[in-house]
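Pasting the structures in now, so scroll down.
Common to both upcoming complexes is chain A, partnered first by chain B, then by chain C.
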Partner chain A sequence: MAEALEWMQYVLAPQVINGASIGVAVVLMALGLTIIFGLLDVINMAHGEFYAMGAYAAVILIAIGIPFWWALLLTPLFMAVVGYAVERTLIQRVFHSKDRHTLTLLLTFGLAIVLEDVLKIAFGANPMRIETPIGGSIEVFGLFFPNYRMFVMGMGSAIVAAVWIFIFRTRVGAIVRAAAFDRHMTASLGVPVNKVYALTFALGVALAGIAGVLLAPIYSVFPTMGRDFVLIAFSVVIIGGMGSIKGAVIAGLLLTQIQSISSLYISPVWSDPLLFGCMVLVLMWRPQGLFGRLGHG
Partner chain B sequence: MGEFSRPASSKQINSLRLLAVLFFAISCVFAFIATVVEDVFFLRLATEAMIFGGLALSVDLLLGITGLLPLGQALFFGFGAYAAALILKNWTVSIWLVLLACMLSSALVGLVAGLIAIRSKGVYFALISFGLAQVVSKIVFNTVELGASDGIIGVPNAQILPGLSSGQPTVFFLFALMFIALVYSLLNYLMKTPYGRQLIAIKANEHRVAFLGFNTWRFKLSAFVLAASIAGTSGALYPMLRGFVSPELMFFQVSGNAIINVIVGGTGTLIGPLYGSALLTGLRSVVGSFTPHHQLVIGVLFMIVVILFPRGIIGYLAPMLDRRCQKGQGTVQQEARGG
Partner chain C sequence: MRQTILSASVIAAMLFCAGVQAQSDPIKIGVVTPLSGTYAGIGQQVKWGLDLATKEINASGGIAGRKVELIYEDEEANPAVAVQKAEKLLQVSKVDFLTGTVNSGSTLAVGQVAERNNRLASTTVSFADSITADKCSPNMFRVNARAGMQSAALAEWLAKAKPNANVYYLGPDYEMGRSTVAAFKAAAEAKGAKTAGEVFAPLDNKDYSPYFGQIRGARPNVIYTSVAGNDTVRLMTQMAEFGLNRNLQVLGASGTVTSQNLAAIGKAADGFVTGVGYSTTIDNPINKKFVADFEAAYKAQPDLYGADSYGLMYFYKAAVEKAKSTDTDKVREAMRGLQWDTPQGTKTMRAGDHQAMQDMYAVQVNDGKFVIVGKVDADAAIGPDTCTKF
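Right, the complex of A and B next:
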């Protein structure tokens, strides 16, 4: 009995907490993806590059002497502007064709290629680091955890909660949900649906940017940093149900826990195949994912 | 699915055939000139374009004809390349046996992957094929027995006939050209059979095909397996050309490039992807000799094509050619605009 308790305290607990701090960032990424899909039907293949852009924006801001906390505030604003511009100048152009799914996916895929190369040209391929803004560690369950990871967890949860309240408890959120459910009806009620679309895309991109800033002090910053990370986010979105906010949160936390606890027993090399196995199992049972779409039930 | 719809008029199929004949004629002329001036670099590059053309054909079978967007076709391409490298190194150098083995084994891998991926529809299919390829490439990247990140080097030349091997640039180019011509003719023929019509119908309206009493799952799975087999066999030619394989062959970049080749060339036209592959392989090589950031150029080009010419080069050229022909014959000019 005592052994089991010790195992839980010294082996399991650190993994759970580390997993949760990554999990919150994964949820932020997945939220952006799922909101964009739920409302616009767009699979944003450039999401990983937006995440990297967010991290680089923080690197630049900190390099010119702006404190981390301001960078954390300014980067999502900057990324929202980028997202708005991308939606208005690129995605709108193919949005009204019948092949919306395929064309927007291909377009954002092209954008991902371009952005990745732009980042490489601007910053070089070598990884960069930013200083951890909060040093030290705190004691939880008799173990010490870096303060910054705890901060990431708290901050991430707060943002997820804010997005949740925004979508489900505010008037603007109701408009967003209405536009996702029936765009023509919403438009005929006088809502500028195209603007709602662009702003939603901007919100999704801003969330990717925040995830980039939050994780930049933990991981290093390099042009292809989004690639592996976005794969996890995609698995989360598929398992949770494309376009489901609840699904993204639950599946995101669950998958990162599976990943971090399984790494006690198997080599991390196998964690991606494991996640993918979970995804396949869920899809065999429920091909549309665990939860329904935004604005649908 | 209007933007990608396969042109149905017989006139258009004629102009597509004309463009196909032109493609293979240009390739033969190119081979002749390159051999006369004893060039090796461009012959090798053109052979590579042919090999990636095979991959593009397999993508077009799924994307342009069946209406499935495969984001992980490099999985089968890389599998074929690794299988061929291992067979060439350890068992036999006969190209026929290697290709046969790769054709069958990649079809088998395609069956397994298809059973997983075909369950899902639309964007789910796209993302699952993407995930599958990503996971397998990671496993290969971390498997020491397969050379891990270095891949397998020192793959011997394959023997086509006694005295003819894949080490001779002209011989191997012509072999790859013949292979592609064979695959192209096979797919072109298949599109005229009831089976091919079914695939086109699934792309146009899957529900209606199901209501008519056909099992769409079976058709989609068989198309997926066929595409996997084509991709795998094309991949098998790669180590014969370059003498090595690496995990990069399975990475998303290869799948992505194949899709770019298909879209830029012309989705659903079958010959378009071959033009796309030839043009873009050339472009990558030319731009790549000036700057390491050739992906930027390709990416911008691709985005322009997606926004302004979603039917691709051949998708626009073919109707134009038709109108020319009809004008020449003095018939009433017909606006053959689809979608």
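Right, the complex of A and C next:
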């Protein structure tokens, strides 16, 4: 019995907490994806590259002497501007066509390829490092946790909560949900739906940017950094239900826990196949995902 | 009209040159090494070692009177890229000799390219035993110490320092990682160490924290790892952040912690022990001069890669001068059994498997410096010749 308790404390607990810190970051990514899909009906294939852009923006800001904390604040603002511009100049062009799904998918996919290569040309293929802004570890019940990972977990949770409150508890959030539910009705009530679309896209891109900055000190920064990460975020969105915020949060935390705990028994290289396996199962038995769409709940 | 005169004089010049070509043309050596990616730091040491030796050789009259020219290609530590670059060097640049590969997979692949093109190649870095054992090639020579030799020195130290070792193994998931872990496991178990478990992480892994659960669960008192380059920086700093290295002896392959990544790891590397074929503190005149020249030229300390790459140039020089030719068959014959002087003392190229023999050391990181804590003689470290291809 004592042995089992000791195992839970010394082996299981750190794995669960570590999984949660990665989970929060995955949720941030998935949140942006799912909001964009829920409202605009656009599958943003360039989301991973926006995440990478956020990380590189932080690298530049820190290189010119701005402290990490300011970079954390400025990067999402910059990325929101990028997101707004992309929506107004690119997505709006094909948004009203009949083949919206195919065209926006191809458009964002092409944008992803271009952005990745631009990053490669501008910064080179070698990984760059951002120094961890909070060094050291704290000791809880005889276990060590890096302070920075704890910070990522706290900050990430706060952002997720803020997005939740914004969408479900504010007037603007109500407009966003209304536009997602029926855009013609919302438009005829005098809401500038196009602007709502662009701002929501900007919000999603800003979330990817924040995730990029937060994770840069842990994973380091390189042009293809978004590619693997966005696949995980996509799986989370599909399992949680395309467009569902609740689904993205719950599926994100759940799946990273499955990855973390399974890593105690099988090699962690299997955690991605495991994740995609879960996605296949969900698609087979509950293709709409675990929860309903934004504005349809 | 003017053009005709011009081309005529060009042809005349070419004809003239062709007559003296064989003697005055430089010997070209192709270097396929990672100049970017996770092993870029290792490639940098390779380049520095080769450049320094080439400068010395050219200043003292070259190899058999011919200057040496190095041609670099970036292989990104990726075997598929290495093959393309090696083909290019052999076919387009017409190099006489190939070296530089770091990733053991690249070395094996480039060995096959050299075999197809009937040229010789050498690695100065790759550890995987198979390169000079079951996957040996008549065209591939290894001047550095392989995994088995490193393990012999390290296992000897471990048996003395930690008699009740319960070892957990963490390697990069490719030829070198599997080979180094297998070699050290065999050597350590032969000396009485127990095995707590093993796990392999992909090359260029960003986050090792998911691996820590299994390591914690296995409760080892020793961890052996053979990750290298920037992977070590991430592994060791993350281990320190999670408090995993408390009350734990960390051991590694000789490429795990080197002077190239030691600064980036910082305090987290203290206490680390490895079996290695080179240390800047080896006491002989060649090494003293080499370390001084290296530091003067590059403002950095040489590590095993720099030293082995430096030694390779003198190996090739000795072989070509003994063969009195750059012809593949003649040079190969000269290389077999060749003895030559390096910063690590006199090395002998074993004829049976093309593996260089040398004394091996156990070294420990102490306050950011490598200190020799044990030594095994070349004959005891080398192990049996298991190459059957030639």
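Basically, the second predicted complex is superposed on the first by the 297 of 297 C-alpha atoms of A that agree within 3 Å, B and C clash if a C-alpha of one lies under 4 Å from a C-alpha of the other, contacts with A are read in each partner's own complex, and residues count from 1 in each chain.
What we mean here is this: a residue touches a chain if its C-beta (ideal position, glycine included) is under 8 Å from a C-beta of that chain, and two chains touch if they have at least 3 such contacts.
Because the structure is a prediction, the values reported are computed rather than measured.
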Applying the document's definition of touch, where does A:117 land relative to chain B and chain C: first, second, both, or neither? first
Examine A:77 and indicate which partner it touches, taking first as chain B and second as chain C; both and neither are also allowed. neither
Name the contact category of A:218: first (chain B only), second (chain C only), both, or neither. second
Once the shared chain is lined up, is A:144 touching chain B (first), chain C (second), both, or neither of them? second
Does the superposition put A:102 against chain B (first), chain C (second), both, or neither? first
State whether A:93 touches chain B only (first), chain C only (second), both chains, or neither. first
For A:238 in the superposed arrangement: first (chain B), second (chain C), both or neither? first
More residues of chain A in touch with chain C or with chain B? B
Could you look at A:269 and tell me whether it touches chain B, chain C, both or neither (first, second, both, neither)? both
Have a look at where A:18 lands relative to chain B and chain C in the superposition and call it first, second, both or neither. second
Between chain B and chain C, which residues of chain A are contacted by each of them? 269
Mind pulling up the chain A residues that touch chain C in the complex? 7, 10-12, 14-15, 18-19, 22, 124-127, 137, 139, 143-146, 149, 218-220, 259-260, 263-265, 267-269, 271
Chain B-touching residues of chain A, taken from the complex the two chains share: 37, 43, 90, 93-94, 97-99, 101-103, 105-107, 109-114, 116-118, 120-121, 227, 231, 234-235, 238, 242, 269, 272-273, 276, 279-280, 283-284, 287
Under the touch definition given earlier, write down the residues of chain C that touch chain A in their complex. 36-38, 40, 76, 173, 199-202, 206-207, 209-214, 216-217, 230, 234, 238, 241-244
Sites on chain B touched by chain A in the complex: 1-4, 63, 69, 116, 119-124, 126-128, 130-132, 134-135, 138-139, 142, 252, 256, 259-260, 263, 293, 295-296, 298-300, 302-303, 306-307, 310, 339
